[in-house]
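The same subunit A turns up in both complexes below, where it pairs with subunit B and then with subunit C.
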Partner chain A sequence: MSETFDLVVIGAGPAGLAAAAQAAELGLSAVVVDEQPEPGGQIYRAVERATKGPAAAALGADYAHGRQVVEAFRRSGAAYRPGLQVWQVEPSGEVLASDGQRSVAFAGRRALVAVGATERPVPIPGWTLPGVMGVGAGQILLKSSGMVPAGETWVVGSGPLPLLYMQQIIAAGGRIAGYIDTTPAANGFLAAPHLSAALRNLPYLRKGLKLRGALRRSGIPGHRADAVEAAGDGRVERVRFRSGGTWHEKPCDLLLLHEGVVPNVHVTMAIGCAHEWDERQECFRPRLDEWGCTDIAAILVAGDCGGIEGARAAEARGRLVALGAAASLGRIDDATRDRMARPLRRELRRHLPIRPFLDTLFRPRRGLTAPADAVIACRCESVTAGQVRETVRIGAVGPNQAKSFIRCGMGPCQGRMCGLTVTGIIAEATGRTPAEVGFFRIRPPLKPLTLGELAALGEDSGT
Partner chain B sequence: MFRKLPDPACATVAVTVDGQAMRVATHETAASAALLAAMGATRTSPVNGEPRAPFCMMGVCYDCLMVIDGVPSRQACLVPVRDGMRIERQAGARALAFGSAETADV
Partner chain C sequence: MTVEADVVIVGGGLHGCSAALHLAQRGRRVVVLERRHVGRHSSGINAGGVRTMNRDPAEIGLSVAGMELWRRIGELTGDDCAFHAHGQIRVAETPAELAKVAERVAMVRRLGFEHEELIERDELRRLVPAIAPHCVGGLIVRDDGAADPYRTTLAFGRRAAALGAEVREGEGLVALERAGADWLAVGEHGRYRAPIVVNAAGAWAGDVAAMVGDAVDLRVRASMMMVTERMPRFLDPVIASVGRKLSFKQSDAGTVVIGGGQQGTADRHTEKTRINFANLAGSARAAIALFPLMQGARLVRSWCGIEAETVDHLPVLGRSLAADGIIHSFGYSGHGFQLGPICGSVVADLAIHGATNLPIAGLGLERFAAQAANGKAAGIGH
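Now for the complex of A and B:
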């Protein structure tokens, strides 16, 4: 049995919550399906209770804004189904999701994919050792569990998130042993031409400068490095980094990595939506029109899974997509849609001009996605970069052949952790662009599923 | 690796992590409980036996697969704790329990 909704939203981050709230306000029936137990997505994770918890002050005002987003959603009357993993989305808009025991189906006149971003894979030597995690993972533990690092903690990488996380940890009374900045020194030069546009987003720039100031005052030792390795026996014990041509080694109990975030494209790729390579953000993203429509009529996209724009822009995108859906379903006329869209487009113009500057300033270092032969590219199947290169030597022309030769991307994460690396390695080895090489073909189910569950679905629905 | 910020008002439940009894906050996940128990590896790779532990904490990487209440290959970072929950390290590939549809992956 499937429940029918005008709009089935996948993901309870700012884009999905804002879209569902807007849709409900326009009289559409809407449901948000999400795999977490609480609304907010990763950016506003646990915001309903964390704004009262022990880390509240440290998490800051940008995070606390998420409470308004969640409250507006709660008030809107849109349905909410947490704790469900979406494993299949049909081009018709039907969404199949599992709670781990049984599956439920939602028939959407429109399905909105709002599954956000994931941290860009950071394949360095030793990154599979226990004690090596994403900076995003560390921040999730702070938001959802009030946890701060203990012991010798090193933060490695580039982008606003490591700076924000370290500032939050210091404010919460935690300690960071050191920061290894992997941002290429030349990026500052390259980003300079985008600075004048970025000045239109002065509050963002001020926040960035404040973060850097807070970091300097915190006394956390900073190093700039162009290569980093984790080492240890059974768990991370040391971090090694190359700074100014010299290798350094420090004791380390927790190593947190971050090289920016990329759109989570697995859902739209599995549906078969057209995607393109974003040269500036170095990632694939679905091709969208100004109302978040993909090339498949029933499938819509909002937020960072359509290209990295940040949480505030995601909220506006979510509302815009809901307006577009309402118009295409005949619930509002085009003139009403356009009138209601105007303040949202103004809102977008307040958040987007800084993006080219940020994307260029924090562009990942060259070689990140094509690491040395011994480095593990695919964590699930323990496939090294060298093994991927070997498939190219024996004739693999793209990621899908490499996958069938050596199983990279075939484990439970289905290429979420290695997809961009495998594309990067093959692009480098064949002298083609990532756009030409392409990505793994993503097949259903999007999440591992038991046979029993699949069989029970047939019994329930009679299909 | 991690410690909790003091939160005296926080309600707790009893769980075991690899046999070790502990009380954790009601809002922990099996993975955050395992991190607090400082158990190091939470599973070993089915491919080569390498130790692994939670990496992304958001359901993407599948490195936190554990045996929870006897069910193998659960994504520990997505499973909220419950009173009496048994959270155990997973060794290599999970066994196929023939006759039980629950544990057969497609």
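Now for the complex of A and C:
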């Protein structure tokens, strides 16, 4: 019952859109499946709609480029199936997706996983209180419904995204009560050796400096802290932070946290692709060759889910993967592939040199992945960091045993919110590296699915 | 340095750990070699059904005897293993199916057992208010139940260790060699010497049997399970079905755990498994047919185990045919969890006395030898 395509792309962000457009140009049949109603992914969310108004203006020049990416995709002839959540990908390239009522299957000669990044979980005391969320989630509200928060909004964290978000909120007429920068002071020093390489990316650096300048001029009170807590009765009411050794407390209605993004590896892990630990970015990522091939022949990866490189690099990676797929399916020869790849590799060399600098500058503070005993690690099952440590004391050597002992990672989010924390805690407690400790085995489905829908799946295919 | 012991047990599943517990209880020095960690395979991830109901006649005696151990599982292991005796019911959806149940009850009575009963529509509805209205009755064992498989396996392993057994995780057996009257078990990291070796290596038991010269026809089963989000409590007993592949129960946490033997795929060598969603859909259909309220329940996770299956779906429990000092306990073919506690006791008897009073007739390797001989005899005519 499934539709067959040369390339089934999961994710309509810059990586997936560019890959599908490139594949279609080369004569491959391609489809992009995405759970969102509109193309654009994280960065260019709602880009086709958000052409006017203060929110659009606030989203800036990147948005103009995003529009071009989406238009090129629309023109390319690649099929687009929005509103479908992918819940299973087979090593054969078959992709199963749900619209919430019914599932559809796409048979891909190749399946491209381009599902982007997710925010790194920020397990601090009180992070499960209502009114505490990721900066990314706040930004999604801004991009998709122009929502600007009211009341005492505090932004906490590290990296470019909080700065960008605050600038966007100010430009859209909103107010931020204060910014708490958690970037460790030593990071600047550690990042300095990477600065000369980063200078090759002057536009990025300028953008960063401009953001900082804008923040200073905006008059948003800035603090530097090495510990932050949310507090309140039933919902967040106060933010507490430690700055220069003293604790401060401020009223707070909305607390937005961000400690960088990490590859969304759930899909490739569930398929069974080989992964490795990225020391500099402190995350797992699939092992890939230069054409985005995993160790499983039909499964390809492009964009931030293969390693955090940013939107422009994601686009180039998407095109490279399409070229590789076309060649491996015999539609172009290797010489053509290599010739067409050359400008894309040049493009990558333009966008990547700044990464070591950024990664080191915004490296998460120590203790973030191994929080104090009382802090909740797994939100779905309300498991604390202390309980995870206890499993180590009674003999658990890895996340999967800890999961069997205390159910951490067994809830509906499938360990998305606690995976790195559980690995971090066990690594710290056993004196091993996260690479040695490993990650949860990811069990399908990738997203919850009703039994009724699963039952109908078999009936459709007559098995 | 070679570790000396009275018994070396290969495999830290429930069967290996249970044998270790019983042997340690009886004062024997035991080493358990487990390639991964205790409970890593079938024993840690099964449906947890503690079922005497609807067993093959060859297993009924052992299974019923096993229930005595389950009733005092807390005393035996130091943990209640989350065992609840809420009963097991095999639901009949048609009068024809109920007639089969009646035949089964009569057969079991003739063998001298009383634990299986037939119930009709009203009793079924009283015990299982959420059951679909068309169901007409079923087979019940009122004091069967379910336990937490991982907790149970760990509890056996821990109690064995507390009694002096040495449980070596991350230690795989690679070879078995004769050393005088003893066996030398060569592991990935160490060497172990004992007069008796127990083969409780689950899906990999055929490899261990082959090391001592026993050939067994073993297949790999890859039964799948799935679990839903937590739901308000609606069910106590474990439910099976006469006409469908289903095992269905609500856990203490409120999640609903669904299995019943639908098969995925498993690779014994990489120890990786894969869900087959077309087959799993069959489990979903069976669950909804008996419990219409499950239509909208959200499935959050599914998994698949690796287990050995014999040609007659009965375990291999007894002494090696080819070599002295080897005791086999494997091939539980999808229903070895309930048998874990009692089979450990059988293995301890065989290791210590060379014989047991527990009913294991028909479970030894001899049955295949006899079948093979018959087969050869039949083959001569061609």
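Observations on the structure shown:
The criterion applied here is as follows: the second predicted complex is superposed on the first by the 460 of 463 C-alpha atoms of A that agree within 3 Å, B and C clash if a C-alpha of one lies under 4 Å from a C-alpha of the other, contacts with A are read in each partner's own complex, and residues count from 1 in each chain.
Here, a contact is a pair of C-beta atoms (placed from the backbone, for glycine too) under 8 Å apart; a residue touches a chain by one contact, two chains touch by 3 or more.
A quick note: this is a predicted structure, and the numbers were derived from the prediction, not measured.
Of the two partner chains placed by superposition, only subunit C is touched by A:Leu96; subunit B is not.
When the shared chain is aligned, subunit B and subunit C each come close enough to touch A:Thr450. Look at A:Gln88: by the touch rule set out above, it reaches subunit C but stays clear of subunit B.
Of the two partner chains placed by the overlay, neither subunit B nor subunit C lies in contact with A:Glu309.
In the superposition on chain A, A:Glu35 makes contact with subunit B only, not with subunit C. By the touch criterion defined above, A:Glu25 lies against neither subunit B nor subunit C after alignment on the C-alpha atoms of chain A. Note on subunit A: of its two partners subunit C and subunit B, the one contacting more of its residues is B.
Touch criterion met: A:Ser404 reaches subunit C, while subunit B stays clear of it.
Contacts of A:Glu229 after superposition on the shared chain: neither subunit B nor subunit C is touched.
In the superposed model, A:Gly272 makes contact with subunit C only, not with subunit B. Overlap of the subunit B and subunit C interfaces on subunit A comprises residues 411-412, 445, 448-452, 454-455.
Contact residues on subunit A toward subunit C in their complex (touch as defined above): 88, 91, 96, 272, 397, 401, 404-405, 407, 410-412, 414, 443-445, 448-452, 454-459, 461, 463. Every residue of subunit B that touches subunit A in the complex is listed here, in rising order: 1-7, 25, 27-29, 32, 35-36, 40-42, 45, 47-48, 50-63, 65, 73-74, 78, 80, 100-106. Chain contact summary for the complex, subunit C toward subunit A: residues 37, 39, 44, 150, 169-170, 228-229, 253, 272, 274-275, 277-282, 284-285, 287-288, 294-303. Taken in their complex, subunit A has these residues touching subunit B: 35-37, 42, 46, 49, 53-55, 85, 100, 118-119, 128-134, 136-137, 140-141, 144-151, 172-173, 234-235, 253-254, 264, 379-382, 411-413, 416-417, 445, 448-455.
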